[in-house]
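Below you'll find the structure, written out as structure tokens, and then a few comments.
When the chains are written out, they are named A, B, C and D in that same order, and each has its own residue count from 1.
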């Protein structure tokens, strides 16, 4: 059945086809351009290029997770950066342990910053991160369980709309402050950096980078397929129904809370994976990643790309970040104007995002003209 | 609890919105298979009553039981729906960004847990059932149209259709014929009457003609309590009712 | 249909990355400038970007370097640490710059370090920092702790007779290390542990009421008390405003700061701060011909006669001159040759004395203690008689006492004299 | 330097003889010749700070009639020597920004001695240690000043160094002192000294005088008395004195605890009022209109910069420029707000999330705009004198004026806002539209116009908040960024659309934060507040004062 739906949806919407096609292209081309094509050739993909593409793909995955929770389920989570960073930190802890005695202070077990803070032994929450499998487990588990706990509380007591958005923001804000503290045992403001290798492979060698990038692309593809399956399933329709008329769907006998919770947790895990893939390629993770502004930016990528389409989100992430890379070098003094203008113009003229420009299918979506001013606000039940 | 007895007991129900008593010590009993019409001027508490029964509003006091044992007040909306109580809203609310077909599919009776719906496959039986209903509500042609694009009357039908898909024991129907043409009204009447018997049906309606055409038993609500009850003629001849309606 | 879109991004990407490979003809020498022009650090770093541009401009007026013109490549890492790494990579791999002047915060330096070591680039780092580091590819032209913190404390201890110490810092690596070193130093000088109070506040901390009240209380114990502030940029203004409001006068509890210079003071009303101290290797108020010339040049370049100069600007100035001299000495901009040439290269400071590159990639610097004047300048109240050589590894930390950095003979930034091993290096 | 600390005692012994011969008040005769005096001053020229200490003391004991004048000049950076003839001079006024020449005063005659250009003069520098010594030295003269408060301060300064000479001086003064405040101060000083006296009786007396003092140094001194030294013996030998001291310490510390409690509360309210100030503007644009206004912070920033510009525009009225800045900031921010509303927001009503996206873009643009105009550097906004300093409620409790004013200011702004919404026609229309647009339209209210006004009002308030912030923190392009998150928290905590909610919410957040801070530290306190907020929203999903407005329903 799954393959069937996927096949259907791939047939049904060109977007999916092109998205997966594009990824496949990356998977094939990148290794060739970087490994086979000689550096002298204009078509050689430098390590810098690798890092960029890798970053974009990770962000695309993050955007995907936001689109699932926001574009389909209507939950605007401004805390997605938290899950992303937690995944990143989990991976970072593994990479730190991998450094072993090669650190500045040459301590076989303790990371440099612990030696530096006169820590005598490894804190309990660092145990086990020397095993890759354990790190992988945590990458999914930590963001997942946080989302579970948080979501359970929030959805059970029917926190919705801006209230939910703001407390998710409070969540990531609190985490940021916590991780900034050196006493927390996560390296404070500096976070983790200067990684040496992953599973024994040198992180600085292009070959390893290529592999990481390919893995990222594949993960992105897989996640996309899974998301696509979810939204294509009956559960997917329920989720969309929740987005459009939450109170109504309850009277059909659906436990809205649990649907929201499942999606929330799943998207948190996706974000975690994105973070985990991001760290080894970028080479640093620090509390700045938790910043609420980051979460807002992710939402903006999705909005720019076009929400409720999945591929739109991914496209948005790539576009906005490419624009950022491009402008910060070409017009370093004024790139904020360009980016700001982009956001304003997209909202004003492309309410359905850039995908809206080219897609025929998404019609009538994204636009739900609700008057801002509603008599009596919360729909009162009176005759 | 006895599977067969699906009587709805509403006892001494009181609901107040900041001071104003929407329901005031309301007591009501709906027999299984009964078709009951509830009428009353605005603010009589008709919709509020439905809200309480379906778990949307929590009462200040009173009890609502479905069958001798099942206390509805202890349940959440989904649980109540699962217990076999379906509702059609006064203001038709369908899922505007889903197709007519999908709207009905969501209403399908059955296990509605996340995992189940995630892996659910549409069975032939289910599809045929959906198309039956589509025929009944006369939307077979538009089954691929988005809910939001339907006309008001069609939305009414769609929502009735969703109600049918749920296969509930008790249907709460709030102003079903608003915005319908005459023959549509007749069809609705026929439909509701056909439903009565194996389902119990509660209809709230302003349209007296319609009520007369279907009602066996009529309950008149006024200021949150039962003003009169009986068949149409009794009720209409009741002086208090006349006073309330014509406002002496 | 949608395809178009994805293909388009694909192409854009290609434009950005694929062609990054093209090596441009070397008709100019490219100089990378890696300072935040937006975000929280822009406050401090924009000035350094302008200083670098001024120096490059100046050099080109003098006919460039090795007969080629210098071409500045400016990028904006936007106070975003991962972006620093990315931009460093861009400068080194895409633009193929000969040298990079940049970074301010420790974390930004830490994040670009692996990039510079992998791509074998050359970075001049112009800000005072915590030490505990010496990279083959970095020249540290700012003060190491022994060139700023220790002398300041000595001054307070010996000249002012301070007996009780508050070490107030922002919670990140520079204050943590500095305070660690200072604590070790103070204890070694016989200060009682209960006379030392260490406290950390988060970045951009603005609600100082309670902290300042606490400091006042700590200072009222009858012994002469001083505050050693390693508070980071943003939090300083509210801190000093609160000091002023709670009437903590420099005569009662002097505050000596390591991150507050002329530029920071120009951003606030200095009157309440008169008499508080700062320790730097440069003050605008020091009148030497070289400094006067530099200031006039700066005012001309920035087109604002009121703009101040400060210590990191001098460090950038020194760094640039050192690089120029080294390139001339090596006769090429090839990084390995330049790095080989650098140790021993000398250039005059703006305030007198000579800055000399040491084998540990730090330089010699004079140390000045200044008191804040009402006009936001500093009166130098104390200076070292000679320049102080920068130490990458502090002699006061037990963990460091055996460690040394030497890129001339030992070829190692982290060499343990006891075990005779070189650890923590990223290159083979 | 060490020895110099020992010296004063001896020195003042001579002075005392002098005083005895000439009656009360330190009035010096021609005890030393002008030449020796000049010679002493001459030493200041190229002395290190340590040596200068001694010079100051020497000139102090020289008893020359101009000592006070000269030392005051030194303290006030008005003592120079002329480069060509190395002569020492006082100058009338300290060198200012753009003074090229100074009017000289002869240290002996105190008569004008022409003027000299700055580059022919060299200032005789001081450092804060020297200034401390000068103040103590000069205090002895100020002790006989006409102004009582000066005398109090003088007594305070002298207490910094209670040697026999100073004690004697205090005693002399208390004999002739009339003003009660000064008398108390002197008594306290003498008592402090008496604590060190050899026999118990005066010590007991001293303790009973100091019993009710709230001064920290008194407390420390008393505590020292009852401290047990490692070997079990007490610093204070006499039993009774110890008991008395212990009792005194107990009562004083209790008062201290009380006062610090009050202080913390005050801190809480001042922090709270800042939170309220940054939130109520948003409570309108976001709460009432449902616009997720990410540019709110930047509007505050504009307000702060307006304050700066106004201050620069009226350099001669720095004291009142801030008052002018308030309406100015309101206008600037309000107009910007209206501009944003007319050009962008109005196309997005009903799509709050799009407003988030667009206003985020706007915030980026505004930041960069300011950066381009004013550079990224901080801008210095002076605190007017009437706003700086502290209100000394008692020895242990002082609250800072600027915080006090900000609390008051917040309340005023809030009240004003309430008046506008409740009492004015515009306010009526705003509320009407916010409750039922269609109906309002039907009643002929130009809802378009009202929207613009409402947004302008909210933005204007943000601008006014910016004025307050300019007094507390950095005025730079990132100002808004650092407050936007908090303001959203407050609004949501209070209940979207409820001004009272924002008021109560902000205040309580501030107080809780400050109450926690002493125990948890700044960061944890904040984290606790955030977690508390999250849990609170679980309990009350619509905030403190559940809204009847609109934003709540839109997603």
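In this section, contacts are C-beta pairs under 8 Å (C-beta built on N, C-alpha and C of every residue); 3 or more make two chains touch, one makes a residue touch a chain.
It should be emphasised that the depicted structure is a prediction, and the values quoted were computed from it without experimental measurement.
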Shared interface partners, meaning chains that touch chain C and chain D: A
Euclidean distance of C-alpha centroids - chain A vs chain D, Å: 45
Inter-chain centre distance, chain B versus chain D - centres from mean C-alpha coordinates, in Å: 68
Centre distance in Å when chain A and chain C are each reduced to the mean of their C-alpha atoms: 34
Chain centre separation (chain B, chain C; CA means) in Å: 74
Multi-chain contact sites of chain C, meaning residues that touch two or more partners: 37-38, 171, 202
Residues of chain D touching at least two other chains: 367-368, 371, 481, 523, 526
Every chain pair in contact, whichever chains are involved: A-B, A-C, A-D, C-D
Contact set on chain A toward chain D in their complex: 74, 76, 150, 153-154, 156-163, 166-167, 169-171, 173-174, 177-178, 180-181, 292-293, 296, 299-300, 303-304, 333-334, 336-337, 339-344, 346-348, 351, 367-379
Chain D to chain C touching residues, read off their complex: 1, 49-50, 97, 125, 127-129, 131-132, 135, 216-217, 220-221, 263-264, 267, 270-271, 274, 367-368, 371, 375-383, 388-390, 398, 400-403, 471-478, 481-482, 513-514, 517-518, 522-523, 526
Residues of chain A touching chain C in the complex: 13-15, 17-19, 21-22, 25, 33, 39-49, 51-53, 55-56, 101-106, 112-113, 115-117, 177, 180-182, 188-191, 193-196, 204, 282-284, 286, 288-289, 311, 315, 318-319, 322, 325-326, 328-329, 332-333, 335-336, 354-355, 357-360
Partner chain A, residues of chain D touching it in the complex: 286, 289-290, 292, 294, 344, 347-354, 356-358, 360-365, 367-368, 371-372, 433-439, 481, 485, 488-489, 492, 496, 523-524, 526-527, 530-531, 533-535, 537-539, 541-543, 547-555
Touch list for chain C against partner chain A, complex: 1-7, 9-10, 12-13, 16-23, 37-38, 74-78, 80-83, 85-87, 89-90, 92-94, 106-107, 110-111, 113-115, 118-119, 132-133, 171-173, 176-177, 180, 200, 202-203, 399, 414, 416, 421, 423-424, 426
